[in-house]
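This structure is in structure tokens; I'll ask about it shortly.
Note that the chains take the letters A, B and C in the order they are written out, and that residue 1 is the start of every chain.
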Amino acid sequence: MSAAMSSGRPSGRFPAILLSFVFAVIVLGPVAWALATSFKTEVEAVAVPPTLWPSTATLENYLKVFRDQSFLRDFWNSVAYSVGAVALALLVGIPAGYAAARFSFKGKRALMLTILATSMVPGVALLVPTFYLLDSIGLLNSGIVVTIILSARIIPQTVWFIANFVEAVPVEIEDSAFMDGANRFQIIWNLILPLIRPGIAAVATIGIVTTWNDYITVAVFAPDVAKRTLQVALVNQVFDAVGISWSYMMAFVVIASMPVILMFGLVQKWFISGLTAGAVKG
Amino acid sequence: MLASRTQAATTSPGVGVGDTPDTHNGVRFSWIPYLWFAPAILVLFLITLYPTFFVGWLSFQKTRYYELTGFVGLANYAEVLSSSAFWNTVFVSLTYVVGSLTGAVVLGMAAALVLNNAGPTGSVLRVFILFPWTLSMSVVGSIWLWLLNPSFGPIPYLMQVIGLEPGLMLGDPGLALPLIIIVTAWWSFPYVMVMATAAMQSIPQELYEAVEIDGGGALVKFRYVTLTHILPTLGSTALTLSIMYLTLMTLIIVMTGGGPLGSTTTLSFEAFRGTVQAVNIGPTAVVSIVVLLINVALGVVYTRLTGRVTG
Amino acid sequence: MANVELKAVRKTYGTAPVIHGVTVDIRDGEFVTLVGPSGCGKSTLLRMIAGLEDISGGEIQIGGRTVNSVPPKERDIAMVFQNYALYPHMTVAENMGFSLKLKKAPREQREAGVGRAAEILSLTKLLDRYPRELSGGQRQRVAMGRAIVRNPQVFLFDEPLSNLDAKLRVQMRTEIKELHQRLKTTTVYVTHDQVEAMTMADKIVVMHDGIVEQVGAPLELYNHPANMFVAGFIGSPAMNFLKGRCERGRFLLEDGSALALPASLEHLSSDAVYGVRPEHLVRSDDGLPLTVAVVEPTGAETQVIARHGSQSIVCIFRDSVLPQPGETIRVRPDVSRVHVFSERDGRRLS
């Protein structure tokens, strides 16, 4: 570990490269082990001593997951909630973020502070009151309500990100379009949205990952088995201590993570830029 | 987190001009900008703000299960704050947050420095190392539950091989919390790494060259250039993580269910347990408010630190 | 084609006035520059003509029509912005055709309009490129092309050349002027660069702190500045100002040295400021003694920064005999080119 910036001499990098692989093993080892287990038979998964690679690789665990009657339903719920939540967040976040970036008006600061304040309220503190309120108006187990709650969790960051992205677009471009005869909606549709597309992709990616990974919201506010997501189904297996099959569970883990893995693989640049945007002071 | 960069706000194309032609001179009051915010504010009000006020109200009610039986003033507060179980929960939360944070920051900084010096290899590995950060808490919990399983898990087996007695692992009241802390640090240090790396890469190369010309070595470079520059980022990252740890329940739900013997029952887990078990939601409301207040306090510090909103 | 009339135009932000009643008459086909230091309100004024800023008071007419409450797109004007404001995700052709697309013009009409503008600006080969693939000068031309396509009554330019390097700036200056001579469209051009203003304009409007200091043809401003501000702003290097007093047909500096006054001011007797341009100082044995501080030859001419007491004086000489730093030279103002300004309000007295 010398200075933060590499000296550029490849020979000097050897220890660093070696240590980098150590970190990679620490991080990816457990994941790799889980992946390997998912291809083992139920018996081999619990063999002592443990085997590193499955001696007879099998897809049986995956097939079992897919054959499960509830899998498609759980999967669909996961997709519907997370896509719905992100779509709603963008729908309400784009106008608010645009207005935050482009309009100056009385009370704007108060509005932005309100949105900031809501981002500081942790979901866990709202479990009891929300459960009580939903229960009293008969809206527990509603997919739409769960989607809106998930969406509210990502709306503050969506507004803030969009505002930053819009601010990065020179105002003159809008002035220019304005003179070319575009109205506000044409400006947003034809100019702003195409120009901030990478930013929207980053916000959406992070939003999908956040909402897809949620367990608590769905488990508490939609306890009905028909409304559960893959995450809830996975945790329920852990609770089902009697029939636990580790190889089956690891297959489930892989499948439940697959959409997020794919998304991460495809857009990891956006993902990283979304994580670091605004957090680093230049 | 959120911000308004008011200094960049612009009046043009003026609100009012173009949307509706201004028929008289001067700045005219317009409802239009508020309408742009209305949908977002409506959702946030219904889902976040109203329940926030409601939990405050709830904390002053006498409750039995989910039934309200009248106003009791501060009785719920007195009950919660005088119970040793509550203070034990506070202690567990604190240990959990501080322990995980220490682990994540140390590992994250080390990884950032190492990978930054590893050239292109480092850039490639960085992406892979970030990967677990995207996994859900239920997935992370399930994987580690399996790895730490005392009967068949590979980690207890390895411990046996090197002559350690693994014991009950997560079933051991003295080991459960440390193990959860390790898993949390494992899951979150890549986040610190990415943030620290981004901050490091924004440091102008000339500063290092200037130190070199002034005769400073690697240690001086790290202390006076790298560290000074990434400290604000590290601070805000640490706060973000503290907030996250404080409100994190799923990992505990999956791995220990708050046990054994309450050794992993954090404030947030208690708020969750109180909600689903619903024995008496008044005290649960109080615990929720404690979490809320700590969170808001950390959030305010974060806002001050990053200079957001103040413009 | 149209004339533009500004009648007592005012602009306030909240309670802060930024433009205090500007009246300017721009004739049909004229090339007018608005020039002044940054913050003088020139860009705001342009944006008010464009319709991008509200008008707080007064009246703006384009082609005889009051446009105070007319939105930009109906004012029949086009504007070129400082940073070009090209749409980054559109090709050159799409950029230029965007306004026609918004007007829902048929495709053939759009292509014809874009093609014509591209030809005028020799952009035809670049029509399928994106702005990021263009050089600064090319982007500038696309921005102008976008304006031309709309065939407006008035062109507005907001410091269009300030992002270009010096050489390109001179070249584009010529191109814009040629374009104007070809299209003869009324043009309002904002710049902070007085050289740009002088070389391009039929008429210059000098602004300062939200008011118009003087309006006139370039040489008129150079030869007959209305006040010290215009005198100091127009011309490079700037005019030398010497404080002193008019007395008995002579101008006495603080140390008692005397300078000649124009005949028209022979009878004046008051404190005043004596203004003479660097290029109107000539070496003369009976002139004012100056100590040379810095000598800056540029080839065609030599700029000499010299001191008289504590007063710094800039001279420009065309002869090739260079004075040395520390040397004493004597210079005499060309009395016919000298200006005298009121000490009190800076107005020109001569």
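In the analysis below, contacts are C-beta pairs under 8 Å (C-beta built on N, C-alpha and C of every residue); 3 or more make two chains touch, one makes a residue touch a chain.
Everything numeric in this text was worked out from a predicted model, so none of it was measured.
Visitor: With respect to inter-chain C-beta contacts, which pair, A-B or A-C, contains the greater number?
Guide: It is A-B, judged by the count of C-beta pairs in contact.
Visitor: Using C-alpha centroids, which chain lies at the maximum separation from chain A?
Guide: Computed centres place C farthest from chain A.
Visitor: Using CA atom averages as chain centres, what separation in Å is found between chain A and chain C?
Guide: Whole-Å distance between the two chain centres: 55.
Visitor: If you average the Cα atoms of chain A and of chain B to get two centres, how far apart are those centres in Å?
Guide: 15
Visitor: What are the residue numbers in chain B that touch two or more other chains?
Guide: Within chain B, the residues that touch at least two other chains are 11-13, 18.
Visitor: Among the residues of chain A, which ones contact at least 2 other chains?
Guide: Within chain A, the residues that touch at least two other chains are 175, 178.
Visitor: By residue number and range, which residues of chain C touch two or more other chains?
Guide: Within chain C, residues 47, 51-52, 72 contact more than one other chain.
Visitor: Considering only the defined contacts, which chain B positions touch chain A in the complex?
Guide: My answer: residues 1-6, 8-13, 15, 18-19, 30, 32-34, 36-37, 39-44, 46-52, 54-55, 58, 66, 110-119, 121-122, 125, 127-132, 134-139, 141-147, 149, 151-154, 157, 186, 190-191, 194-195, 198-200, 202-203, 205, 208, 218, 221-222, 225-226, 232-233, 236-237, 240, 243, 246-247, 249-250, 253-254, 268, 271-272, 274-276, 281, 284-285, 288-289, 291-292, 295-296, 299-300, 303, 306, 308-309, 311.
Visitor: Please name which positions on chain A make contact with chain B in the complex.
Guide: Contacts found on chain A: 1-6, 10, 13, 16-17, 19-21, 23-24, 26-28, 30-31, 33-34, 37, 45-50, 88, 91-93, 95-96, 98-105, 107-109, 111-133, 135, 148-149, 151-152, 155-157, 159-160, 163-164, 167, 171, 174-175, 178, 183-184, 209, 212-216, 220, 231-232, 234-235, 237-238, 246, 249-250, 252-253, 256-257, 260-261, 263-264, 268, 271-272, 275-276, 278-282.
Visitor: For the complex, give me every residue of chain A touching chain C.
Guide: 170, 172-173, 175-182, 186, 190-191, 194-195
Visitor: Help me check something: in the complex, which residues belonging to chain C touch chain A?
Guide: Touching chain A: residues 47, 50-52, 72-73, 77-79, 81-89, 98-99, 102-103, 146, 150 of chain C.
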